[in-house]
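Some structures to go through are shown next.
Two complexes, one shared chain (subunit A), two partners (subunit B, subunit C).
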Partner chain A sequence: MSVSEFMPAAPVPVPGVAAMSQPPAGRRLDKKRFSWSSIPLLLPALGLLAALFVGPVIYSFYLGFTNDALLGPTSKHFNFTGTANLNRLFSDAVFHQSLYLTAFFVLGSAVVGATLVGLILAVAMQNALGVARVVVGGLVVVCFVLPPVVVALTWYAAATGHGTYTSLFGMPNADFLQSGPLLIVSAANAWNLTGLAMILFAAALRNISGEILESATMENANGVQRFFRITLPLLRPTLVTTILLMTLLALANFTVVYVMTAGGPGTSTMILPVYSYQQAFQYDNLGYGALIGDAMVILATILSFIYVRLSRERT
Partner chain B sequence: MSRKYTRGRRLGVLAAIASAVSLIAACTGGAGSTSSNGKIVLRVAYGSQFVFLTPQLAIRWWGTVAKEFEKAHPNVTVQFTPIPGSYLDIVNKMSLLFRTPSTAPDVAELPVGQLGEWASSGFLLPVNKYLSSASYWSQIPKSVQDETLIGGKYYGVNHGENTNGLWYNMPMFRKAGLPVPWQPRTWADVLAAAAKIHATQPSVTALWLAGGSAGGTIAIQYNGGNLLAGSTNPTIYDSKTGKWVVDSPGLRETLQFYKTLAQKGYQAPLSELLNPNSVDNLPGLLAKDNTAIAVGANFYAESWVKSTCGPCWLAAPRIMGATKLPTINGQPPGYASSLGGWELSIGAQTAHAQLAWDFIQVAQQQTNMIDASNWGGWVPPSSVAASAPAFINYAPPYQAFFAKLLPASQEEPNTAPFTVWGTGFNNATGAIIQNPGISVSAAVNVMKSYITNQLGASKVETIP
Partner chain C sequence: MAVEVETLAAPAPEIPPDAVRVRPPRVTSGRVVSNVTLLVLGVLFIAPLVWLILDSVDSQASPTLQWPHFTFRNFTDAANSANLLALRNSVIISLIAALIATVPATLAGYVFSRRHIPFKGPLLLGILMLAGVPMSILIVPIYQLFAGRNFLALVPASIFLGVTSLPFELWIIKNFMDAVPIELEESARLEQASTLQILWRLVVPVALPGIGAAAIFGFINAWGNFLVPLVLISNSAQQPAPVAMYGFFGGNVIRWGEIASYSIMYSIPVLILYLALSRLFRGGFVLSGAIRG
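Coming up: the complex of A and B.
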């Protein structure tokens, strides 16, 4: 007996739904299909993507290998300079320092700061009183929706002489922004991003079945065990997505750092976006500035790839 | 589908394309474009917020000049491109305007600090042939004229200048037993006065001198650049070797001055000195009556008058004195002042060079030049305008004093690498302000390594 004997030769008519359209014979809805007729429908989106994303990125990579300048003899007629910019990048001490500073800024403000604090807040608010939940949640979300310029100015005012933080620590004439610039700008960025992380975690926590936690309680699991053995593993997809989102937002952050320190004092907060801007628009080296931007694109792509792979792994 | 519908849709598409083309054409309007009423359009670009003391004064001044020009040229319409934002925003926006022929201005108000870069880009038209018709040109000191001289050609005329000196609080000086009026002869005299102030009034800032990178390289001309100008070797760019100086006796003397202020506790709080707006904040800080001596610019006087009120401080002439910053050992010319200012230039791509020059001529008429200086916080480049009662009496007694500093004031290089050199210099002064214990040699190394990393070892030199 062959397998085909168990398969119906034609769709079995169902009483009452005879008029319902059936997929043509041979087509299966659970398999990926391709139809040439979808191309015209996709063209507008492809066109926009090519014009507004792929094109500029390719052009930016090209610019990174030229001597294009905002001002000066090569501003009008720039040339392809081969690996000259690349050689400079590899020997550029400020770029090397910038990589390290960017890593600290991203890890500190996005992964440790925003994600961890966002998670703690979301967990704490789960069992908080209604009023506390509304007030704290509202304040944290306000921090997130504030424009980056406002965030930067708020933290600038608070962390410099006679500001809120310096006064709180009893050192009104101190300047925390000058004595610990990277820490302060990272804190400002974390303060800005925490609201988003908290919203994402709060939504994910609501989806965790109360029955699982209740069962664990009946098995004498304490709060810490319930959190690390049940809640956290179930939050893993959200955790990975949040870290990815926070990392990319922090990596692309320019405004907060530029407004607060412009990369200084010296080069102590010269993260990659600020260094790219400084080269392109302060030193007029558009080509070299573009190459630093390209390095950021590659870095962001690698990080995205890693995070996406992590999120696909089974828990 | 009916024929009527198809035709109608086709006409609609054509109309849309035609509208879009007209809109793009109207938006871009190439150099030498004409307006819808057939008049010639003269495009003028200027900084609308940073350059004049208030945006309202900028609008008023440019509006007056345009009105006078259009009255004399009824067939021309002046079209302004006001550029908001800071110094750097003006430089970047202006550069982008010049890069595209359809947006390049016919007349541009440019900072002298970047003029060499625009000229070397081929964006500016030399004005040598027009200068003979400018009556005020011969009244401008040679050192000021040469701000626009690049490769033997003049690329604009001086619009207004900033000079610098020492501001001092007269009641504090009297309290410390120091002479009023005060004229120190050497840097040692300045530091001795600061020491007396610090000893008698420890709660006030004895000597205010900003530094660090937050204020950008434009700030150098208002702080450390003045000291370097008065040192034994003020060279920044060695034109003989084509190299940038990263270590010299002059640089070390300047950094030592910073170190003395920081180490002895004469300097202002870090949040004041390392503030991105340190230069602009100083008039307000002086008005708070908490600073004894400050290295600063002429424009503070114009900031305090009623028409500016930045802040209003009508009592300033009874409290604040202004005196020359001496050279380190009193060597000729006896005083030091950095020179900086704004120029009026003609775009190289203009189709109306003569009209552009005529517009500049209207802007440089004595009344307009004096108004620009009073409202922009400048000294007029012309010695005749600088001695006119309308200028002298605007913010007495300071206007006449700062105008006298103009001939011997020193300009900083105006080519692209100066921004890199300036950032290195700012990093060194910032390092000392923050860490008074750092040695001068270590601060020089901060500067040297930064500039060498950016420009390459072949582009820097040390003067023994």
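Coming up: the complex of A and C.
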């Protein structure tokens, strides 16, 4: 088999010219062509996404530069106010604080919390007794499945005075929601997300061939060496996927934090989604709330780009 | 200038018949560490769940983890007409959302899986990125769009919730259809079957587990959402269960037993659906497969 069979007129290909020779004129039949019947099939999905997803995102960038309000004279007839909102955003101490709180919440609950604990659980379960595996694994997944409002309620009760955790840590009179609110809401979110990370890691661990680990054992590699030299490198793709998925899920979280603390006490848990909601719907500044949301879109887009980049590099 | 590239397959070395591997159950330090770690983390994870269950049957329920003073009163109290109405609203909202997301996602997923369309790669990448956009940023522009048209009600809010699940559902369905062989459709095409016939008779039945998984995802996503109904539904009689539960916090006295039992009633449908999902696929296939693309 050779390329020249398809170039009957060029028995002696000259380098550089050979590439110019074309197949006979006409349409290539093996190339798939666009079929018009695809349009009605695509239309419902793309139409809905354009009208209720992409359009609103673009609209929110416009709203972010207006004095749109929930109530009052500017609720119906709002105007473009230029960089007024932007200036306010840059000098807004609560927004600055909110950026740090969001970073802590996302890193704490998604990376340190859900991903690390999920990995530890998945690895520990490989060597654990069957009963422990089924019971703990099953219940950790239940924590992931519970609706966010139930997560918030359960953790509110557990972290308050005489609650489950306050008693478990031997401080029944303390109220963790007052003494360490950011830590508690991050832990609650991690508790909620860990099950998903654990499922993803457990599936990836099952795909690691036992033979590699077995031969490492033959070479007298101990458990720690096997984990860091073999298992962890092989898990790298899953680790990247999981960290970024957890990060996006944590960034999107509104319910757990809002139901538990509503951003308080004071502004100590005012992560970006909660601050955006508060400005828009409690302080009536829809325009400014939209601008805070825009900051989140930009953050999420950057993270998505990194995610798509990293997941492509693997293949 | 035909250059034959000969690839000589190296003869496979003789593999000796596998010796029976004897693996006595040993107590290694690794196992001890694993089991202890699992136990400690397990207790920390499970304690709040145990509290939730015990509190729901405790006549003197409180945030404290204690052996219950057994009663079913909490459940009968929680099942009052307003709370049941909220649960019914949740069912309606989630069904509409799942339908609005799944039907368009199936049609479009088929095209993305089988047909040649211009800019397919960038379009799919864009849809994947939409799946990662935090929902809370859409709420202000959608509120502004809906408020001006008197759309602040159950049905428009449900449709919007469906659209928020659409990107991810499309990915699940497209990836599932990619794994389904194409030969049957090609022969049906030769028999002059229409696109809709092929889709309905051939593709949907074979891809049903994937479509079912996507629909369950859409349902659960809407079932758990709190922000969208809170902002986009103005009539309190149309509010779903999560908003009703948030209302429990409002009073001066928190009735823990009632909240705990209502939480369980509200969580059980999702637990059942996840069980169905794990029956459709073992382990993390749905999520890992859909996300990896």
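Worth pointing out:
The rule is short, and it goes like this: the second predicted complex is superposed on the first by the 264 of 315 C-alpha atoms of A that agree within 3 Å, B and C clash if a C-alpha of one lies under 4 Å from a C-alpha of the other, contacts with A are read in each partner's own complex, and residues count from 1 in each chain.
By our rule, contacts are C-beta pairs under 8 Å (C-beta built on N, C-alpha and C of every residue); 3 or more make two chains touch, one makes a residue touch a chain.
Just so you know, these numbers come straight off a predicted model, no measurement behind them.
By the touch criterion stated above, A:H162 is placed in contact with subunit B and with subunit C alike. When both complexes are overlaid on chain A, the residue A:L71 reaches subunit B alone and has no touch with subunit C. Once chain A of one complex is fitted onto chain A of the other, the partner contacts of A:L239 are absent, as it touches neither subunit B nor subunit C. By the touch criterion defined above, A:V135 lies against subunit C but remains apart from subunit B after alignment on the C-alpha atoms of chain A.
In the superposition on chain A, contact of A:F281 is made with both subunit B and subunit C. Touching more residues of subunit A than its counterpart among subunit B and subunit C is C.
When the shared chain is aligned, no partner comes close enough to touch A:V257: not subunit B, not subunit C.
When the two complexes are overlaid on their common chain A, residue A:L101 makes contact with neither subunit B nor subunit C. In the overlay built on the shared chain, the residue A:A190 is in contact with neither subunit B nor subunit C.
Contacts of subunit A with subunit B, set against its contacts with subunit C after fitting on chain A, overlap at residues 76, 160-162, 281. Listed in rising order, the residues of subunit A touching subunit C in the complex are 1-2, 4-5, 12-13, 31-35, 37-38, 41-42, 44-46, 48-49, 52-54, 56-57, 59-60, 63, 68, 76, 117, 120-121, 123-129, 132-133, 135-136, 139-143, 145-150, 153-155, 157-158, 160-165, 167-168, 191, 194, 196, 199-200, 202-204, 206, 223, 238, 241, 245, 248, 251-252, 254-255, 258-259, 273, 276-277, 280-281, 286, 289-290, 293-294, 296-297, 300-301, 303-305, 307-308, 311.
Residues of subunit B that touch subunit A in their complex: 88, 92, 95-96, 99, 114, 117-118, 120-122, 212-214, 216, 269-272, 274-276, 416, 419-420, 423, 427, 430-431, 434, 446, 449-450, 453-454. Of all residues in subunit C, those touching subunit A in their complex are 1-4, 28-31, 33-35, 37-39, 41-42, 44-52, 55, 62-65, 100, 103-105, 107-108, 110-111, 115-118, 125, 127-130, 132-145, 148, 159-160, 162-164, 166-167, 170, 195, 199, 223-227, 231, 242, 245-246, 249, 256, 259, 263, 266-267, 270-271, 274, 283-285, 287-288, 291-293.
For subunit A in complex with subunit B, the touching residues are 69-73, 75-76, 92-94, 160-162, 173-175, 177-179, 261-267, 281-284.
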